[in-house]
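One chain, subunit A, appears in both complexes that follow, with subunit B as partner in the first and subunit C in the second.
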Partner chain A sequence: MSNLFDLLVAGLATGAIYALVAVGFTLLWQTSQTINFAQGEFVMLPAFLMLAAMHAGAPFWLAIILGILLSMILLGLGFKMLLVDPMMRHGVLPLAIATMALAIGIKEAVKQFFSAEASPFPSIVPTGDIYILGHAVSLQSIGVLVVAIVAVFGLTTLLNRTSLGHQMQAAAQNPTVARIIGVPVERMILLTFLINAFLVALASLLITPIYLAKFSSGEVLGQAAFVAAIVGGFNQVRGAIAGGLLIGVLDNLAAAYVSTQYRAAVPMIFLIVVILFRPQGLLGRAEERTV
Partner chain B sequence: MKSTLLVGALLTAITTSGALAQAIKLADVAELSGGGATVGTNWKNGIDLAIEEINAKGGVLGRKLEVSHADSQSNPGVARAQVQKALDAEPYVLLGPGYSGSVKVTAPLAAEAGIAQIMGGEAAELTQAGNKFLFRTSFGQQSSMPKVAKYIHDDMKAKSVAVIWVNNDFGRGGRDVVVKELERLGSKVVADLSTEAGQADFAADVGKIKAANPDAVFVYLNEEESARILKELKRQGVTAPLMGETTLIGQKVIELAGDAANGARGHVGLTTDAPVDLIKGFRDRFSKKYNYVPDHNGLKGYLAVYMVKATTEKMGKVDSKAFADTLHGLTIKATDEPGILMDVTFNETGDIDRQSFLVEVVEGKQVVKQVLPKVK
Partner chain C sequence: MSSFAKPLKIALGLIVIAGLIVIPMNFNRYGLFILSQWAVMTIAAMGLNLTLGYAGQVSLAQGAFVGIGAYASAIMTSHGWPLPAAIVVAVVLAFAVGWVLGYPALRVQHHYLAFVTLAFSTLAFLVFRNESWLTGGIYGISNIPRPHFFGIATNKPLPFYYVCLGSLAIVSVAVWWLIRSPWGRAFMALRENPLRAQSLGIDTRRYTLMAFAIGSALGGVAGALYAPLTQYIDPVPFNLSLSLDLLMMVIVGGAGFYFGPFLGAMIAVLLPEWLRFTEGYYLMLYAIAVMGLLIWSPTGILGILDRYMAARRTKAASALRAVAKSRLETAQ
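Coming up: the complex of A and B.
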């Protein structure tokens, strides 16, 4: 039982990271019909930007700020203007393939400019334990969970409780009508890309101390977050959050109670089951297709 | 007639002097990217340093050494293709790879070509298949694991042990020997956990270790994964003593794991922290050239080249076909060839015998606790 509690906490902490990344998938899909297969590499890159800043002499807090800002410029603004906008007119599939190429490009560039070897990365959360219900729980797990929850709570508050958020939702749901009623649709879409870049930079900051900074570390993360987004509902932020947490916990429980060797297969089987019985995802809404 | 003889003599002289000046070509296939990038990079740098030193002193039998490096991408399939390509160029000796799985699939190619292969793999089975062209730069698991099991049983006094290993040829080979030895000595294996190469998340595995509540944990993973599990063991508050082999307490692991590496112990065949003057000198030269302290793979690569030098000088000729025969049964003394760093003997299977060390990570540094003598 004690083991189950530990597994749940560790799974929720990892799942919270998946959720942050999965939310990015849903945001980009809703506002611009973009499936970003470089999302995992988007999580990997900010850690290296922060490391580069530290190697240049910046203290950790400044490196974090610089890393987040650079991520928003490169992975938000740059991604939209240099890749999504020019490719969008050719349809979703060419754009998706272009993001796959981008993933390879980012990975190889990091390998070339930094190293193929892993690098250590400092943690914003101190090491040590606190006791919850008599169980020792690591501060790092709690810290990851709390930061991720605060970020997601802030995002949902922005989307649901503010005028800006309502405009973003309007732009996502029906851009034509939104334009007619005066919503600056292009600006709202850009904002979505910037928010995604912020979320991946945050995920990078939280996960890299545990996974280590390595050019290939985005592969697993991107895949897990993609599965989480589909399981939860690709068109719902709350679905992505639920999917992320669910996959994180399921992955850990599968590794502990089924088999470490087959752990990667369990979320995929779960994904297939969900798609078979609820194609729109657990919390997603069914979308009608115009023929 | 006289002029014909003169021309012939001149041509012979030119050809001979050309042959003398011709470089001795070595081929290296290593894990320069992928999961084993740390292994391959250290190995390659060690090779380059040794070649630079040897060439600066006039080379081997008056000929310079030259090496070509190829990347196996830490993938046995790619390694096989790269080794085939390297052998097509007819090198004097093949160096690498470092991963046992890659050595396993490439060794038959080198043997078929009759080229000696000096590699970094440690899986027990590699030298037990009767391959007469395969040579180690460090201990095989059949030599190191009994020492590890004995230390866990005798020194750590562990009655119950959790064993966690990476599910590849390297990890499986080590796991099989250590489990057998622990059971023979009377220590019970209460958790036997396999993990995947490149695995990022060890939360569940450490959860299982916690649940098993062992007296000691034997960790046998690749370097990066070792660092990740050390961090996770600390994160989840596992306090049982940790024992491993070279891959648990290497310099790169310590750098990656930070504080979490403190207290980890391991048996190492090679360490730059060994209390041996020649090794200290190597460490200084390597650090000066590459701006970091190498792990055991840097030593392995360095030694591989000096094995080539010592064997060739013993033969007195550059003969790739006779190379393997000469190296079998050869003892190279550090007093005769300082580049070999410690006295070493190669037996008929290509395995080595020399001193080894038991180390502990203390405040981010390897501290040698015991020096274990040569077996024979």
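Coming up: the complex of A and C.
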């Protein structure tokens, strides 16, 4: 039985990955009203792109770079141009269904062209433990947490401190006004798709060494990211971060203190409660109702 | 519509029904299984089409209701109850749970509702898997008996196919009647504009709950037939992906069109069989086909037909107008 401290560290580490995935999810929603049901598969795929590069003989660092680049081309540019752009005018629901089909497509493609078996994946962080306050904490957890925090910090700095970030926020909040004051809205939307692709590739790099590379691993992750994004606040980047960490910790605590069988139920019940009593999310702002 | 269209439609309908009765007589065991599966999934999709297509409430939980119906039917028939009694219980149970699931829909809409129902779907799956005393847990329930009707055993695939087809027929008539009743009109008013519906005096609260409950009840019917069809159930077929599949069936066929679920279920159940020659690639091709279709026509296959008919009617109308205009001018 692990104690509370270990549970919290492990929870924060998985939560940080959920946060990365959830942030991308909220960015897509804010800029283009895209609910990406394939977000979990978006995290699964880059690991396989990196594995494929390694099988072709590339060293690990090169495979990482190639994987991230390919992910930005396929899951950023390709996703936007081939699926989201043609479907945008049709409204939220058909696009959401199309991303469900995309999830099936990605899963099957990996299963068919790569492997139906789980493959090991090298870790960017050395394995081993360090001791903090007398507790053994795995370096992997620390590494994941640090990389995720740096990425999220970088993103929030970009959004809040730079003119590019302000333009992105303007494009997300009010495209019409943004266009009038000269913000290249289309380019900003493309940028959010590229950022999402980068974040999922990063999450893939961090999480795959822990859970192995498997074609079906996106399902659970995607669901966790949805929950995180909604619990925190669908329309807030910081909400998604808080939601990610919260769900990660909650999930680990539930496994230890509720029951391993019903651990998946705890975040779901939490989700239902939050949606019913605070639909805008814990940190979100309410969206106006349109009649 | 021109005057001969209606008899033509009726004739076409009768031919299809006769075909569904006669042609499968020569099918092998597997073909009959697939066709029975189509009938069962069509019932579930019709339920979701009521909730989503007619009442406009997004639900990602229809698969869970199929599961509830399947477990109710499996548990009862294994204990010696007749299937019709099990179907009644499955319907009542799914209706009640669906009614409760409708409450969140009174508070939240669209994507939020989608996520509430998605969470419900996960919870139902966990209950199926973990409550072994009732559901057999991961080992599931096997040797689910098929019913006897008037002394006729339906153990063989062909008689049971007729059970499924007959149930589909009954449900189809009931839904046809429902969507033409004031209820159906109220559902559609709810879909088009909830606030306007309310201002017209429609009790939106009651109809929202009803849309969920009736749609879910049909999911229960489908599940109650699914259990004796496969004769073995475990939690896996009723996970979230069944809900997503059913949603895709409704949208691909054409949400809000009466025949949408028939087509959508046909594509989802039969297309993989036709694409079997492509071996492992069929789901990939299916996914690409769905995306392509939605880009081309977000209202599904029947949406294409609908637009074509509308265009023809406009054309015919403007042709008539042109003729009338020229006649008027010559008369002057």
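What we mean here is this: the second predicted complex is superposed on the first by the 289 of 291 C-alpha atoms of A that agree within 3 Å, B and C clash if a C-alpha of one lies under 4 Å from a C-alpha of the other, contacts with A are read in each partner's own complex, and residues count from 1 in each chain.
The rule is simple: a contact is a pair of C-beta atoms (placed from the backbone, for glycine too) under 8 Å apart; a residue touches a chain by one contact, two chains touch by 3 or more.
These figures come from a predicted structure and were not determined experimentally.
Overlay on subunit A: subunit B and subunit C fit together in the combined arrangement. In the superposition on chain A, contact is made by A:I104 with subunit C only, not with subunit B. Once the two complexes are overlaid on the shared chain, A:N252 sits against subunit B while remaining clear of subunit C.
When the shared chain is aligned, subunit B comes close enough to touch A:S141, but subunit C does not.
The vertex angle at subunit A, taken between the C-alpha centres of subunit B and subunit C once both structures are aligned on chain A, is 70 degrees to the nearest 10. When the shared chain is aligned, no partner comes close enough to touch A:P184: not subunit B, not subunit C. In the superposed pair of complexes, A:G154 makes contact with neither subunit B nor subunit C.
Contacts of A:S115 after superposition on the shared chain: subunit B is touched, whereas subunit C is not. When the two structures are aligned on the shared chain, A:N3 is found in touch with subunit B, with no touch to subunit C.
In the superposition on chain A, A:Q261 contacts both subunit B and subunit C.
Subunit B and subunit C never share a C-alpha pair closer than 5 Å once the two structures are laid over each other.
Residues 111, 261, 264 of subunit A lie at the contact with subunit B in one complex and at the contact with subunit C in the other. Residues 35, 37, 83, 86-87, 90-98, 100-102, 104-105, 108-109, 111-112, 219, 223, 226-227, 230, 234, 261-262, 264-265, 268-269, 271-272, 275-276, 279, 291 of subunit A touch subunit C in their complex.
The touching residues of subunit C, when paired with subunit A in their complex, are 58, 104, 107-108, 110-112, 114-116, 118-120, 122-123, 126, 129-130, 193, 195, 240, 244, 247-248, 251, 280-281, 283-284, 286-288, 290-291, 294-295, 298. Within the complex formed with subunit A, the subunit B residues making contact are 32-34, 37-38, 41, 167, 193-196, 198, 200-201, 203-205, 207-208, 210-211, 224, 227-228, 231-232, 234-237, 252, 255-259.
Taken in their complex, subunit A has these residues touching subunit B: 2-3, 6-7, 10-11, 13-14, 111, 115-120, 127, 129, 136, 138, 140-141, 209-212, 214, 216-217, 220-221, 251-256, 260-261, 263-264.
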